[in-house]
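Per-chain numbering from 1; labels A, B and C assigned in written order.
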Amino acid sequence: MLQLGNPRRFLDVTGKLLPWLAAATAVLFAVGLWLALNVPPDYQQGDSVRIMFLHVPAAWVAMMAYGLMAFAGATALVGRHPLADIALKTAAPLGAVFTALGLVTGSLWGRPMWGAFWVWDGRLTSFLLLLFLYLGIIALGNAIEDEVRAARAAAVLAIVGAVNLPIIHFSVQWWTTLHQGASILRQGGPAIAPVFLWPLAIMALAYTALFMTLWIVRIRTTILERKAAVLVATGRA
Amino acid sequence: MSALRTVIARDLMLAVRAGGGAALALAFFAAVATLVPLGIGPDLKLLARIAAGVLWVAAVLAALLSLDRLFQADFEDGSLDLMALAPLSLEALAFAKIVAHWLSTGLPLTVIGALLAVAYGLPAAATGTLVLALLIGTPAVSAIGGIGAALTLSIRRGGLILPFIVLPLVAPVVIFGAGAVAAVLDGLQSGALLFLAAFSLLAVALAPFAAAAGVRLNLGA
Amino acid sequence: MTFALAIERLALTRGHRRLFAGLDLSLRAGDLLSLTGPNGAGKTSLLRVIAGLLAPTEGIVRIRTDSGEAVDGEDRARLVGWLGDRDAVKPQLDVGEQLRFWAKLYGTPAPEPEAFGLKPQLPGQYLSSGQKRRLALARLVLTGRKLWLLDEPLAALDDDGKALLAGKLTAHCAAGGIAIAATHDPLGVDGLTLRLGDA
């Protein structure tokens, strides 16, 4: 990690790594999707169960991305490291996209299951709040012109959010049990049959690899952009 | 301690004098609470059912209305620099400002909330719970809002972005605050007020540090 | 030991622009430094760095107190008296209230507003820009801090106000303090000069 902290070293290492990571992403997606489309239909959910293979990994990556972003934020604040600034700033939109993907696939799955595109289910509601948190961090980072201050402000908000997220999740769970009389939902998702586990695991790996690939590309692009900006500003280009 | 009291007293004075945000926030709260029955209809049974939720949402929005200037006014006229150089840590300063905001907004909102709850036909026991919940929960709104206010203090249109970053963070306050009342209406036992108190304590204890970090990074502007 | 300020290899980059670099400066009790230079040369930023409000890109700012203690980092804030480019005057409070607030916050006695040509009952919103500057000067004096940092202290002051400022600066330096003022015009007091922005 420390070795990678140097932007030049980061560019060197990830430059070699990136093609392999991208190839692994493609292979994992191909295998995962093939498996997901070839499992037998669920006895309760029918073919709708296949949405799960797109939905669950998206939700998982959305949360992992938040954890990584908050970690980058803490590193940026403590270590005052430019690479951590960039890592935070670039992770936020990716995390937001995966959260949105989780919400969209969740509601697509909900239509045949619940008869409605949106229900105020505990998980969906938690994820909606997570999406707002992501959007708030992006908006705050964009509203402050100075790069360093923008990154630090976003980092503070990301950390505050990380402390608050488990509480939000818990309170939303409590909220659904309180109002259960009015809802038609059951707690928790369906238990996973073993035959679905393999495709799910491979799709989870595929999504993780996709996130990592995109994140590294975005970090590299931002480093190069800033280098270019310095060259222009100092009149060397 | 005396420096802390000095800042609280001064912020309260600024909040209540002309141009301060306190009266505006209270008027906003009352106006929203009046508008809801106009949209929904005068059915007291329905209004009593939604009273806690409506009043909590209105109270949070009203508190946010006066929060965006919490640090910004002092930042823009240079007072914040002088406060940063005073023998008072930024953490203590943030705490004092959060306390002053609560005294000038959260506390009066609680009082008006009691009147509005009666107007919504909320039974006495549930009204008592709502008032208690507002009293316990509004400090958390001031505290978390204080973080947002500190982070956005240098942004020209910070008032627009502030609600966006604060609202998801105060979701637990609305959930437990309104949930406590719903439980009373349904005759259920609930630990909502205890959860709310724990959340509020945590928020008030930790927010000054995050808010101070926000002020510190913005002073370099 | 006497009060002293030492700046070593100070550099500041804002955005992609280097405002100053390799700045060395050493001031002793009684010194008055005029900071000059064109607009945007970094005078205000340098004052903010010295006060500790802004972190430098490189270098150190160190203050030696009368007791010989070396102070740097955030503790430095406790030694700085600040007169910023903005007056920090609240329209809702009168002159006396403002001075009493800052005196209580800094834990020092409040000065008589009359000594600065101000009426205590005058509301902040009716103060002219020159009167606001006088109020800011009164606040600087009341801090009792030994290192004064002033940003364009002459702005909007009339001749009486300028004389008042010169008197306060002279007294401050005579009492063993240090003052650094970013200014375009002569302060009317003899002192050192540092010009920024000619690099």
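We adopt the following convention: a residue touches a chain if its C-beta (ideal position, glycine included) is under 8 Å from a C-beta of that chain, and two chains touch if they have at least 3 such contacts.
As the structure is a computational prediction, the values presented were derived from the model and not from experiment.
J.: If you average the CA coordinates per chain, which chain's centre is most distant from that of chain C?
T.: A
J.: By Cα centroids, which chain is closest to the centre of the whole protein?
T.: Centroid comparison flags B as closest.
J.: Per the definition at the top, count C-beta pairs in contact and tell me whether B-C or A-B has more.
T.: A-B
J.: Between chain A and chain C, tell me the centre distance in angstrom, where each centre is the average of that chain's C-alpha atoms.
T.: So the centre of chain A lies 48 Å away from the centre of chain C.
J.: Starting from the mean Cα coordinates of chain B and chain C, work out the distance between those two points in Å.
T.: 37
J.: Taking the mean of the C-alpha atoms as each chain's centre, how many Å separate chain A from chain B?
T.: Roughly 31 Å separates the two chain centres.
J.: Using the touch definition from the top, which residues of chain B touch two or more other chains?
T.: If we look for residues of chain B contacting two or more partner chains, we find 220.
J.: Which positions in chain A touch two or more other chains at once?
T.: 146
J.: Over in the complex, which chain C residues touch chain A? Could you list them?
T.: For this pair, the touching residues of chain C are 15-17.
J.: Given the complex with chain C, which residues does chain A contribute to the contact?
T.: 146-147, 229-230, 233-234
J.: For a test of understanding, state which residues of chain A touch chain B in their complex under the given definition.
T.: That would be residues 77, 129-130, 132-133, 135-137, 139-140, 143-144, 146, 149, 152-153, 156-157, 159-161, 163-164, 167-168, 170-172, 174-175, 178-179, 181 of chain A.
J.: List the residues on chain C that touch chain B in their complex, please.
T.: It is residues 48, 51, 53-55, 77-78, 80-82, 84-93, 97, 101-102, 104-107, 139, 143 of chain C that touch chain B.
J.: Over in the complex, which chain B residues touch chain C? Could you list them?
T.: Of all residues in chain B, those touching chain C are 2-3, 6-7, 10, 13-14, 17-20, 74, 76-79, 81-88, 219-220.
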